[in-house]
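Note that subunit A is present in both complexes that follow, paired respectively with subunit B and with subunit C.
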Partner chain A sequence: MDTHIAEPWRAGRSLATELRAVLMIARKEWMIFRRYPSWVIALFIWPVLMPLAYIFTAQALGGPGGESLTRFQQLTGTRDYAAFIVLGSILWMWLNMTLWDVGMYLRNEQMHGTLESNWLCPTWRVSLILGGALTKLLVSVAFILISLLEFRVLLGVHLLAGNVGLALLALLLTIPIVHGIGIAFASLVLRFKEANAMVFLVRGIFMIFCGITFPVAVLPGWMQVIAAVLPLTYAIHAVRAALLANAGWAELSADLLVLGAYAIAAPLLGYILFGIVERGARRRGDLGQY
Partner chain B sequence: MASSAPVLEFPPPVPADVLAAHLYTPSRAEQLIVDVHDLRKVFVKRRSAPDASMWQRLALRAQRTDERVAVAGVSFGIAEGEIFGLLGPNGAGKTTTIRMLSTLLQPSAGRATINGYDLASQPDMVRRNLGAVLTGERSIYWKLSARENLEYFAALYHLPPAIARRRVAELLERLDLASRANDPVEGYSSGMKQRVAIAKALLANPPVVLLDEPTIGLDPQSARNLRELILEIKREGRTVLLTTHYMEEADLLCDRVGIIDLGKIIALDTPAALKRSIRQLDVMQLEVEAFDEALMPELEALPGVQQSAVRYRDDERVWSLALHSTDSRAVLPRAIALITAHSGRIRHMAVAEPSLEDVFIALTGKQLRD
Partner chain C sequence: MPSTSLAQPTWRSYIRAALAIARKDTIVFFRYPANALFRVIEPIAWLTPMYFLGKSFAGSAGNTGFAAYTGTNDYMSFILLGAVLANYIAAVFWGMGYALKSEMDAGVLESNWMAPIPRALLLVGQTLASLAITTFNSAGMLLLGWLLFGFQVSGNALAAALILIPMLVALYGFGFAFAAIVLLMRDANTMVDVSNYLISMLAGSQFPVQVLPRLLLPLSLALPLTYGFDAIRALLLGVRPLLALHYEIAILIGFMAVMTPLGYFVFKRIERYCQMRGTLSMH
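Up next is the complex of A and B:
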């Protein structure tokens, strides 16, 4: 046999080669994302549509001069219902995007027929997912920044006046949580090959229980118990408190500690579930089936 | 298409002496780059009984287990630099075998090594030694260009950037893709897409290349070009394992062929040796219009007929009959008389050299494309 066929990269991997693979996957995802014109809608139009409906509802209920907002202020610590709704909506839409994008990432590869091509490569499975998620994360950051800018221009909502540092910390802790939920979701979609029903269920649960457009305190007691289990409840509460009520470490430490615990547990559980699903798919032979 | 005669659905068992003459047992003395021992795959499916209640379905109760044996223990070895073909009809177990060897599917039993690396315990090293095209043109990104596809997969194969750039440029040139290397793949022809998929498989210079039905869906010219490319890959010193249900392709490309049916390798040898094994038989091929399939038992009962098969060809709207006999001079007039007496019109007939398809018919009583 020709000696040229034996080449050095067959000897093993390094962190650098895996990192290069992750960046290349992210680049590929970005190139594909850009080649579908709908990205303009995803980034510029959708962020303002959903919150506007709730903001105008709140405006109607609050009365012309906001006479009916006393109760709202007692529960939330702010009369700025627009900022309150915008923050909750942005975080929810971020989760929503992650569920669709990360959750559907492997499924899309499966439907296009490219999942097996990726699986045939010696790249770590974790790198394959991280690379896909990296682009989604960057798009999410752009989405959040564009949302903030649009609401500042359209409604005069100013969200960067409070404790921006702690709000950013809460957001940073939320990134691995949302990623972990996305990976778990991707695994389930890979297994059951159906995303729509699950996306509607999961995002509906988070929407109702996490207080996206209203304070959790208005929920019945049993619903508040469920809300207390969901990590997004703490993320939304911490970000709102930091930005709208200028809350400091003393007020937010409990929220941040819970988020820290979830930030470790969620990706761990997500990847464990993914490992189980991947082994099952190799056993059943349905990795490439769509 | 009309239904097959029962005799074709339940092929006669292969005579033990025929089987023994063709089955291959890898010898440890040979330098085998692909070494497969008793590989087996059973798909297990649990499903609720049809009469199970909603609650029983939700609680996963009243389930029954269906087992389907896709590969019933195959063994073969491939020497370095050899093109080895798995030839068989759809559903015979070819793709399942190749997917197990590519690490995408976990075998139920058996073992295999690729370039000395064990499939079960060293899957990562197996992947480093393999290039595979399993889903053809669907295995690449259509929204990316050929160059972007290859750069992407080069990173996933851990090629250093400088080597990756050189390798991508070489492959684009060699596979005649350079002039459209920066166009999105979605605008390529099927043949070009398949060439990108093969370039992807060759990126890491693998010693072993797996190709699952590489020419399926290609026009005749593209298929011919691709076959030449496969021969080039062999000339580079690589080992090729391909699956096909085109006997001409297996005959043309393969140094050795494993004929697979119902999950088992039923014969394994060089194409020439396989055809020699039935050379004592005359192979009569007839194309008949308005053929009555119910005639098959009568044709098989003609004195001297040893094996037969029939298939309706949609494209030509004609029945294709194959009759194997030791004495075609005696059988042919009787067969013609029988067919024409039942309003069949013979469009073409020939006594031909045995092909790999005839070997398959001799062993199984079925045609490859049944």
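Up next is the complex of A and C:
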């Protein structure tokens, strides 16, 4: 029985069939997204609102005549603190959205009482998550584009002035990382249930250590060691260096190589963790419990 | 001991009912220990980047740029006090705003409204619980702030607490109206989230409002909460106030005098409207 819902290459299903299932789930999620206009409105409001408080704080720290900006410039290589903060915030908000959406996807199905029935479909279970993740990916792309546009129009922050190609490459490498983390997170939520607390914990760790709004160089040594383990640190550094300092391949190759390694490792880790948690849940019979 | 039966309402029976509601809410809050713990810890995740942001602007003489705006270079104590006051705003928006909605979702609102007590008393009980829980969370946050960021105050804490009273009464009065509006709108998450964030930001929870652009500054100065934040920081940290303190206190007392009856009035009107439309149990 288990072979029918195993990996498609073992169960004898074609990849086209599996792809159709992924697209159907993505379509269902897209319909749900469109049914809540407040979610769409939030997509336009938060990109600007969230970094604003940090930008105004940075302005206050800089002083009325910008007298304290020299120290910031020494550490970051730019006086444009608004663009520096905006780039970090966009990447963090993207991770935050993925944690809530992909991470909570299975949890929401669990709460609605539909997870067990979905699990009985003759489809690879990873396809169920991939379908949900595909819609979230489209929403994320829209979110990043809206952010860039709004900051250009409302605050005059021009983010597409430097090495756009390498920044885009860094973003592309970050996609599987963020979704790998999301799938690993979804598995943990399925196991440990207290979802809100877990989102707060994981996003808090990235918020504190990855230099979202400040240069990592001001962190104490032990915190810099943790920052060096987190992939978002490299993504933020690469995107900032490419767009704000017009950095080229020579300066960014190290960051991009690390991101490339994480782009392979993070989805694999998510997949392995998902397999372990899923098998455990079926053995214990607590898949539908919440 | 004289009877305090709810069937013969007296002030004592009302107080008993309000305390019972507050007790119920407190029990529910502590039934989710991880969430309760994270209510204290999570603000630290938002404040730590502020701390390091400050470090990235600090020269050998400290944060002189910040001092030029505020009169103090202790930016972390400035931000931590703002975060504590913002906790109360969040409690009003999320706790009070969602108080009736949560009961509606749980399917107990109609049965609770059948209880022989004034309906506003249900919100008074929830207000008491919210105040107690938020104060508990804020104390934990300040303790962590003291340990991690060296939070310290040097001014008159009693005078600051006295200023806090009209501000909180007015805020919770506003919470009455807001709870009723959420009841009316039903799907109000985005509205609550955005309003909470915007009002905290415009009131200057994280920065001196002088840095706001010309477009936003009038909105900030029109919020009585801005003067509450400012007066409390002036008393505790020696920050240069926007106005003379007696003017700021008068604004807060005026805010309380207007907002409390207004909040009650809006709540009564919307309550009647919902009853007439029969939408109390719909969500």
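As a working rule, the second predicted complex is superposed on the first by the 276 of 290 C-alpha atoms of A that agree within 3 Å, B and C clash if a C-alpha of one lies under 4 Å from a C-alpha of the other, contacts with A are read in each partner's own complex, and residues count from 1 in each chain.
We adopt the following convention: a contact is a pair of C-beta atoms (placed from the backbone, for glycine too) under 8 Å apart; a residue touches a chain by one contact, two chains touch by 3 or more.
Here the structure is a predicted model, which is why all the values come from computation and not from measurement.
J.: Let's test your reading of the overlay: on subunit A, do subunit B and subunit C clash or fit side by side?
T.: Overlaying the two structures gives subunit B and subunit C room side by side.
J.: Going by the contact rule set out at the top, does A:M31 touch subunit B (first), subunit C (second), both, or neither?
T.: first
J.: Under the stated touch criterion, which partner chain does A:L188 make contact with: subunit B (first), subunit C (second), both, or neither?
T.: neither
J.: Check the residue A:L61 against both partner chains and state whether it touches subunit B (first), subunit C (second), both, or neither.
T.: In the superposed model, A:L61 contacts subunit C only, not subunit B.
J.: Answer with first, second, both or neither: which of subunit B and subunit C does A:R13 touch in the superposed model?
T.: A:R13: touches subunit B, not subunit C.
J.: Let me test your reading of the model: by the given contact rule, A:G113 touches which partner, first (subunit B), second (subunit C), both or neither?
T.: In the superposition, A:G113 touches subunit B alone.
J.: Is A:G285 contacted by the first partner subunit B, the second partner subunit C, both or neither?
T.: Touch status of A:G285: first partner only.
J.: Mind working out whether A:L69 is in touch with subunit B, subunit C, both or neither, as first, second, both or neither?
T.: In the superposition, A:L69 touches subunit C alone.
J.: Subunit B and subunit C, closest CA-CA distance after overlay, in Å?
T.: The answer is 12 Å, the least C-alpha separation in the overlay.
J.: Subunit A residues touched by both subunit B and subunit C?
T.: Common to the two interfaces on subunit A: residues 36.
J.: Quick one: in the complex, what on subunit C touches subunit A?
T.: My answer: residues 32, 34-35, 37-38, 41-42, 44-46, 48-50, 52-59, 63-66, 68-70, 75, 79, 187-191, 193-194, 197-198, 201, 205-208, 210-212.
J.: Given the complex with subunit A, which residues does subunit B contribute to the contact?
T.: 33, 41, 43, 80-81, 96, 99, 102-106, 124-125, 127-130, 132, 134-135, 138-144, 148, 151-153, 155-161, 163, 184, 200, 204-207, 236-238
J.: Contact residues on subunit A for subunit C in the complex?
T.: 36, 38-39, 41-42, 45, 49-50, 52-54, 56-72, 75-76, 194, 196-197, 200-201, 203-205, 207-208, 212-215, 218-219
J.: What residues on subunit A touch subunit B, complex-wise?
T.: Spelled out, the residues of subunit A in touch with subunit B are 1-2, 4-7, 9-10, 13, 17-18, 20-21, 23-25, 27-28, 31-32, 35-36, 112-114, 116-123, 128, 279, 282-285, 287-288.
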